[in-house]
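You will see two complexes here that share subunit A, one where it goes with subunit B and one where it goes with subunit C.
Let's turn to the complex of A and B:
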């Protein structure tokens, strides 16, 4: 018997699925209901160390309007068909565009991509889910709005809605993206349309300027969640500053991370350095300039001695602190003095600005990220090992030197046990650090793939045992991470799920919620 | 009796407000521009592919007369460091134009 579908949703018969697909075809045009292996191929590639079959979708629906989505959820409720929502679908290293569970139907909102409003005076945007950062960037340039975006490293191909809904980060002063979100429109599982905050009030014009509305604040429950389908999203943009000064500070020893963090924290909390600073390890930056195979061959993680050679050959610190100053030239001059004095004290820091580093490809792409310019240079990371395997390990740390050193050492030790390299960085939040480690492995090598899986599992186990929680995780490990946050939170999540989506049709499994 | 009637009236008002609100929303939506569409192959190359293929994240692909079918297959399936691109991002027609643009031998470097 030839199979009609490449996968089926759990517990749904082919007959029922057929009926659901026929109904979807009545709502969307034929070319917007994808079921063939060829059409679904782009949804299948992930970088996770699990069989692609575990995350193969049964279909993809390319909806473009709220009304279509309302009809889709009605059909899903009728046939108990689960849908997995994506906006721009570039959640690379966290599960890409593939669903959490085999057989889920991807609701792909990429074609729902209108820029509804960008207000120059109040510096906010209201967009649909499929809008990319590139699209918005071009729009702002074309209309000379003088506003800057903050975006993650996959900039051009990702988008503000998906990134912020997964609570992603960028590198400008607006880098903690969800802090700058203001107002959502959400299609609920029962088909009702909720506008959060001031948006609930008819004829209100404050939806994108005042976050809280009246009563319990709801926006948060639609992030990293499966309680609704976000169809419009408001957020604040940064006015273009008159001057911008990016810089990098290099250190030579891994233990120096203590001094770095102790120096940065007061500057960051007081706002002298306003942006989401990155403290990148040499191995995070090396792939932009060097080839791993020029320094090591054979199995095992890269030895420290080779890392030092890379640093020397390619003018990298073991730690490379990327930050920037924004404002008028006078403001920058004053703050630059404070920064150089603070970092100059111990004599260990080497401070470089555009003057010295304008030709350095790592500096160039970091400077772009800090001013919201498009770049995909960071994808060099995947040429380091080759083979396309990657998972982001993303524990949260206090912005305290002793803590960052502890986390770095523990991560390195566990990675080494499995023969993997420490490609890590710390993204400095307001008082926290997102410790971001790209667990890179060769997905064409079954042994290394198995090792990567076990390694990631052990990282989560060991970190949570010490009270270090993960801020976000790929779709193969969502249950494991949910478990680390304890039973009460899980129960509350489940209670909300039951209330808002009793048939469990929206992204079952997201953040471990079913 | 009276009480129930005014109760119904209030419910009626709420429903009316709900619909008015719904209309206000869709009116606002209609004022805005239509969705995004690619102009041509060169635009897609510049706004996606070039960020990797012109900066040594990926190999050069222009001026190599790579077969169009091969280019389309790599774009849809992705390859190691290169993510896959869906028809929702680059529709089939635009992908055909893009593949032509890339495989065509141009006089420019």
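Let's turn to the complex of A and C:
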């Protein structure tokens, strides 16, 4: 047992760790090397159904410059100390700010929060990892740049670097965030600084406008990975459209998901609906308006009868399709006609415009997200059941109605087996759907916590058995998901790791890579 | 030691038995907090937009009246609306403007998820983070559940909460995980909670279990610990007197009382260990004495 630290990195003696900490203090100021329990406690809380002790860091480092990070990796190599990098650390439901393995040192880049450039004409930004969406949003407003952000639901408190590197999504036409990434600066494990794409060429002014550079495209290997520390990040911003028309379409039966997806797909692929459409189940939207305990108590998943009462009481569909049109008023008028005709054919859809749904808090927050406005309303999910347990189950499906129905039915069936509710939505990509399910459980209840773990494990097992891959997962299940993609991919990941980080100091365990 | 506290703890058993056995004891006084930090003297209450806020605040004020230091027998209280969901920057600014302050905050899980992030952003020190729930269904094995992650036993509120809840006849579990465990030479004195039998694990002496009304294996299972663990009985139901707690209206007030008492550094019923649990199941079970079934919230004690 260590006397000085709340945890130690695996295989590192207290004496060696002491030496590493002393060296970190020489590189950073004393107040930027956190080792006390009180300082580290805010890094420990996770929503996963595993003991927080499994993810307790040994220290946290608050770096402010690239040069400091270069020195930090040198110390880590010397003492074989692993670091876990976070930008703003808001990976809620995926592991939060806590490291993948007990004893890793958190390298917290929140103080590297400079907005380095925002180009109004070319509509791009270059930022450091600690920049939040709120910070960038305020900057754009203050300078009247006429640009829109795309952000995930934790909007204001999260940041574009961390979200994009974990391949998160948003809700505007730029919602597939990595698709709009352009140029990274990366500190490698050996301390060298790589600028990807055109950034490698001295005096180039095309780093944030041309993604590919020359030779193999490298940016991808620094996402969902542990091959480097991204210290600068470029991405494209959306010019503010002259007009914007958000709307919601409600359906009353779960099987209607087939019709919804078959209707949306051609509209999405042809660009009539340009943004990442959300098809949210009633139980995903209900927490904005109600609490689970208002309808049911006791064990077991919520019965359909209670879901129907929630729908009736709070004017929700079982499926609620949120989308928007962007462009000039003339473009929107034309596209609106196409949309209403397409959805109106079967007579099942209830189409509501912004005027008709303006008082609905669920619509209000969805509309904000679709125009890149800050809102944290989706956090209401955490009050649905309470207890602080949440894991995002995130399988990918084809944008085909039959597939989505199969995925929903299988998810509901497995959740019900463990007494958990289906709080799910589909986010429609270009040709795929991100099926996003918040597995909510009460972490204060040991039995439910155990059930949630088993449930999540079964979801991964059953989905992968049917060829449904998970695109992102929390730190407790990274190895399991990596396994589902087969041995060859794991071997390639490992080969790259060995080549780029032979001492394994950068975030061991991230995406199952060591 | 503060005279009020001295009076309150008089009558508690101070057994040398446990120390003689080499078992870390429970502090009955402010031995680890005899020198209070500036923050403990500058304690404030932040109430989130949750229906339990007023009850928590009532308990908090009671604790402050009993244990407050000179100049701190009332609690400055800040009431939040839905700011955290709408404009978290407001709270971020509040934290940024706080210097040498201790905040006790209470809120629902949605707000707590955001508040935790703001605390880390503000370089705040998280002393204790608690989750508190009352069962909503009559079949629940225990009516109340409390789980804390606490930086060290010096900030522990679980023992004091157990002593108040057991007096009210509630069934409950309280689990505390401590990130940093003081070593025996920290100079802790000891005391025992009456009615509770105390157990330890032979192979993990820093794990303590105190249970009343049910056997250790069952208590262990109810708090989610290893069911096959072999518990050694250390002390069986000592005939000690309770700490004289003020009359508290319900379990939420009791929680507010215990959390703020610990935040003020009262140091009652604290224990040098890595984790501990109190589990109580009275013979006459009454799940919902006070119409607060199904209520749940999160408590924070932070220094900024």
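Couple of notes before you dig in:
Throughout what follows, the second predicted complex is superposed on the first by the 512 of 514 C-alpha atoms of A that agree within 3 Å, B and C clash if a C-alpha of one lies under 4 Å from a C-alpha of the other, contacts with A are read in each partner's own complex, and residues count from 1 in each chain.
In this text, a residue touches a chain if its C-beta (ideal position, glycine included) is under 8 Å from a C-beta of that chain, and two chains touch if they have at least 3 such contacts.
None of these values were measured; they are calculated from a predicted model.
When both complexes are superposed on subunit A, subunit B and subunit C occupy overlapping space and clash. Using the contact criterion defined above for the overlaid structures, shared-chain residue A:39 touches subunit B and also reaches subunit C. When the shared chain is aligned, subunit B and subunit C each come close enough to touch A:157.
In the superposition on chain A, A:446 makes contact with subunit C only, not with subunit B. By the touch criterion defined above, A:179 lies against neither subunit B nor subunit C after alignment on the C-alpha atoms of chain A. In the superposition on chain A, no contact is made by A:272 with either subunit B or subunit C. Touch criterion not met for A:342: it reaches neither subunit B nor subunit C.
When both complexes are overlaid on chain A, the residue A:388 reaches subunit B and subunit C alike.
Residue contacts after overlaying the shared chain place A:188 against neither subunit B nor subunit C.
Once the two complexes are overlaid on the shared chain, A:6 sits against subunit C while remaining clear of subunit B. With chain A as the common frame, the single stretch of subunit C that clashes into subunit B is 76-84; none of the other options in 76-84, 148-156, 166-174 or 238-246 do. In the superposition on the C-alpha atoms of chain A, the part of subunit A touched by subunit B in one complex and by subunit C in the other spans residues 38-39, 41-45, 62, 88-90, 92, 97, 110, 134, 156-157, 375-377, 379-383, 386-388, 443. Interface residues of subunit B, counted against subunit A in their complex, comprise 17, 20-22, 24-25, 28-29, 32-36, 47-48, 51-52, 55-57, 76-81, 83-89.
Here subunit C touches subunit A in the complex through residues 84-86, 88-89, 108-114, 116-121, 123-127, 129, 131-133, 136-137, 139, 145-147, 149, 151-152, 177-181, 183, 222-224, 294, 296, 298, 303, going by the rule given at the top. Remark: subunit A residues 34, 38-39, 41-45, 60, 62, 64, 88-90, 92, 96-97, 108, 110-117, 128, 130-131, 134-135, 138, 156-157, 193, 195, 202-203, 361, 374-377, 379-383, 386-388, 443 touch subunit B in the complex. Subunit A contributes residues 1, 3, 6, 31, 36-45, 47, 52-53, 56, 62, 88-90, 92, 97, 110, 134, 156-157, 287, 293, 297-299, 375-377, 379-383, 386-388, 442-447, 449-450 to its touches with subunit C in the complex.
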